[in-house]
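Labels run A, B, C and D following the written order; every chain starts at residue 1.
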Amino acid sequence: VDSLDKLFNTLKNNYLMKHENFKLSSLKYNPIKKEVKIRDAIFGPNEIQLIMGPCAIESREQLEETANEVKNAGIKIFRACAYKPRTHPYSFQGLEEEGINMLAEIGEKYNLITETEVTDPRQVKIVSEKIDILRIGARNMQNFELLKEVGKINNPVILKNGLSATLEEYLCAAEYILTNGNPNVILCERGVRGFEPLERFTYDALSIPILKTLTNLPIIADPSHPTGNKELILPLARTQIASGADGLIVEVHNNPSQALTDAKQQLDTKEIPNFITEIKKVAQAMNRKINLSKK
Amino acid sequence: VDSLDKLFNTLKNNYLMKHENFKLSSLKYNPIKKEVKIRDAIFGPNEIQLIMGPCAIESREQLEETANEVKNAGIKIFRACAYKPRTHPYSFQGLEEEGINMLAEIGEKYNLITETEVTDPRQVKIVSEKIDILRIGARNMQNFELLKEVGKINNPVILKNGLSATLEEYLCAAEYILTNGNPNVILCERGVRGFEPLERFTYDALSIPILKTLTNLPIIADPSHPTGNKELILPLARTQIASGADGLIVEVHNNPSQALTDAKQQLDTKEIPNFITEIKKVAQAMNRKINLSKK
Amino acid sequence: VDSLDKLFNTLKNNYLMKHENFKLSSLKYNPIKKEVKIRDAIFGPNEIQLIMGPCAIESREQLEETANEVKNAGIKIFRACAYKPRTHPYSFQGLEEEGINMLAEIGEKYNLITETEVTDPRQVKIVSEKIDILRIGARNMQNFELLKEVGKINNPVILKNGLSATLEEYLCAAEYILTNGNPNVILCERGVRGFEPLERFTYDALSIPILKTLTNLPIIADPSHPTGNKELILPLARTQIASGADGLIVEVHNNPSQALTDAKQQLDTKEIPNFITEIKKVAQAMNRKINLSKK
Amino acid sequence: VDSLDKLFNTLKNNYLMKHENFKLSSLKYNPIKKEVKIRDAIFGPNEIQLIMGPCAIESREQLEETANEVKNAGIKIFRACAYKPRTHPYSFQGLEEEGINMLAEIGEKYNLITETEVTDPRQVKIVSEKIDILRIGARNMQNFELLKEVGKINNPVILKNGLSATLEEYLCAAEYILTNGNPNVILCERGVRGFEPLERFTYDALSIPILKTLTNLPIIADPSHPTGNKELILPLARTQIASGADGLIVEVHNNPSQALTDAKQQLDTKEIPNFITEIKKVAQAMNRKINLSKK
């Protein structure tokens, strides 16, 4: 029993947060909140940054039409995926390099900052030359080789939390990017695996408030993936802003019912203005402004 | 394989929500949002109701001093526990009947609506005669004999969600009270068991938005228990209001560091006014008002 | 940050097991494994005890026919529920007192030790006079008033783990019974709430091995409830015996397809002999014997 | 409500297993249990295969000494990691290519089949030429680019389940390898993220029994990672064999207290013979034999 007691205590020491494991992102070691800037967009403790765009790049037409409406709504950053990490092997896997090129062109044409997901260390260099912001998805949060690779570039990197990662594991994953040389890391909360059958994921309302006490990194939130359900996106987005999120990344589509992926959880681009109006009210309650482009 | 397939599909049908299991509280069967009224306090879709008071009744002095400050802050409902369901058998178990009497007296003296937890069917009748609102805690959400018993009285009953209850199980528990004759049920979200070691409980930000689409019952939220940490109460309370909560139940103490229970998670009564100011801002963003007593 | 650090460390200390919270059942404080005996049945570290019977008492005929087959198979303990804690308020709720009387009579007639669930402190005294072993179900693991009440009798009490209880919380619940005066507590592992949609509950294979290092109480296991699926009962029962379980409680029915409750997860009484044969093999691998009545 | 009802039902349909998503590994579409063979080792429904070796390759001496003892115990497959996916960025990250070369040499010298983890698509080709069996760890279960890459080789691939993957997601991940051309996939259950603080991971005892009804792939189990605790490895390994595992992968070290990684959960090589003796008994209860090399 005594030796087991010792072992259990060792085991449970694993639960004791160690700031040395994530020194660079630790507020204890580096107590000044960081800002990540790209052109006229800033991720940090002051303004609230919005990122919008379709889940997947499906065609030039879909991408351009969506970009146009996103731009018109005053959004600065346009997201769209060319490399899709799909659960099912026989689902649409994305337009890959062709999609990246499309996104780069349309970003330039509409003067939008572009954002996309990378899923393989071999994509990082090429994509980083064409696209402004790279994203690491939940399933790759502990794909350490990919983390090291985006640590070697200088583009901002959005790192989503893993589906069952503890907050400390999440910060350690961010630290892999930072310690490999890239200081421009933005965290993005997207929910965890829970037991509730009416949700795709459980969104832990305490994650951002606790992370804000631990790390100097900016933290945005994803209201699209946890719900699996359009009607719940705005209610969730409101709670994310109220919990202190420094921004939102929202899936929007010019024709959601025809979307090749995530059809049920993409906002119609026509709904963007109302979404912004509602989010603004909560931002105001938090003494923050939405960072929109001037018209 | 075929017979197993059939069995798995049956199993998974369990996951398909059946509104008939909670007809009385179902928005589908009874599509008008209910209001639960008691004296000048209303729980419902319009105003936001606050309940405050200490975790446990410890002494007359502590109870009265806290009541006084709660009253002064404009709060209408005063909570305090006499029957404490404690995880550890050798912890303080509450003042029991003596505590109930104290709470009743102080409620009358300060003209506060009183609220307390019941943990045993044998307590229900006596407590319901002395105290205005009865509460069923998370650990008793599926204590069906207790649910049936509070179904026989007419006092408002606050029912907290179980630590690993699905939303449908939660509504079925509420239905036990309704179908036994008591229409005055108020739900209260208090978080679920999660894997994050930096939290006591995981607070699922989607629970209230989803419940609001399923049920006609008012739903308040508890920001104290999930955090286990005073500094996180306000951030969590903000997200709860932003998610649509119809009220909050908050633990406050006149001298938190000396509290016999939950010392780390009780707000100091001196912090109430600032707490209300901050919550008001989010309520405004939701086009709602805090229901405070006029001074 | 420093004050938060302190708070987080306090919070995480909650995770450090404290044997003082469950002194009586702690192997550290009371290092001799306990045996709970009733007539010719023993729960303890040597023999393996089987309990079988229908989920619910439905009729005299059903109960008697099932008892007869259970007896013929050499099983000493016959289980059946009269008080059913049902998730859905409009489901069959059990035959209550009438069922208890039936079970008592049939126990006597077939010379079977009887076992049933209690769900209300007011049932305890009466049931304890008629039935040999009382059971507290998962949903009542932290129904502390019920625990205190079964602490006042002397019948063996089987305590199931709560659906999201930690092992320490489980032992503390057992301690409530012990410290109220009843030394005859038997633990029963029945799975926890998990995220896998193909299971009713997740059965944690480490729970019994860890409990065996912490407590002196006998521990049996329930292979019926986690699966929700007859075909998985034997595979799960095998793993439970291999993990060190001191017994099994298995739902069997004389006509499972017509069962009023748990129709999908009750073994047919005709399957009992094969079930015992298979379990015997694993018991042998563990150097243990199944404690069956002599024919 | 109606439109939400429709959405919820769509959402919940996600929970309905679709065998078409994993056709190649589905027992429904391909009802013959597969065998994966490599030299004189077979993974399949008959014999039980053991894999042993240190968590990490630390030095030539450590590796060789451990290999020697593994060989002497009759084990055919020797595991050791050169690429370590570490949670903490400042922990030992493995000997990388140098380690792979060491493992290849020692495998040849001792006539052991070698097994190691790959973490990056760029490692796959080189490692597959030097090492016999490749492993994909839990954190990379949905690293789809890595899965596609090991789909292009012919070496057996051991795929561990993700920490919060459903069984269907797990089979879909395996399908990525199969559909890219590599038929030699072996599943390996290693536990999931749970809420119990006394465990590193929760090992779901139903996972193998359910997988066996769904898939034709061989399935082994890992008793080392869930426990975080040497003393629990044998108890867990017994339950895994009793649940139908076709093999075990166990961490052993010639000097565990000095191990650079997982020091608390590696068996001492001296304990191997007793471990095998105990496992043999449970295998016998399952009518199976341990596939050991003849001496």
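Keep in mind that, in the parts below, contacts are C-beta pairs under 8 Å (C-beta built on N, C-alpha and C of every residue); 3 or more make two chains touch, one makes a residue touch a chain.
Since the structure is predicted, the reported quantities are computational estimates derived from the model, not experimental observations.
Participant: So which chain is the furthest away from subunit D, centre to centre on CA atoms?
Facilitator: Computed centres place B farthest from subunit D.
Participant: Identify the chain pair with more contacting C-beta pairs: B-C or B-D.
Facilitator: Of B-C and B-D, it is B-C that has more C-beta pairs in contact.
Participant: Suppose each chain is reduced to the average of its Cα coordinates; what separation in Å results between subunit B and subunit D?
Facilitator: The computed centroid separation for subunit B versus subunit D comes out at 46 Å.
Participant: Whole-Å distance, subunit B centre to subunit C centre, using C-alpha means?
Facilitator: 31
Participant: Scan subunit C for residues touching two or more other chains and write them down.
Facilitator: Subunit C, residues with two or more chain partners: 4, 8, 12, 15, 17, 164, 192-195, 197-199, 213, 231.
Participant: So what shape is it, when you link every pair of chains that touch: line, ring, star, complete or other?
Facilitator: Graph shape here is complete: every pair of chains touches.
Participant: What residues of subunit D sit close enough to touch subunit B in their complex?
Facilitator: Per the touch definition, subunit D meets subunit B at residues 1-2, 4-5, 8-9, 12, 15-17, 27-28, 31, 193-195, 197, 213.
Participant: Touching residues of subunit B toward subunit A in the complex: what are they?
Facilitator: Per the stated touch rule, the residues are 15, 17, 164, 166-168, 192, 194-199, 202-207, 209-210, 213, 226-227, 231-232, 235-236, 238-244, 281-282, 284-286.
Participant: Can you list the residues on subunit B that touch subunit C in the complex?
Facilitator: On the subunit B side, the touching residues are 3-4, 7-8, 10-12, 14-15, 20-22, 85-90, 119-122, 139-140, 142-146, 162-164, 169, 172, 175-176, 179, 192-193, 197-200, 228-231, 264.
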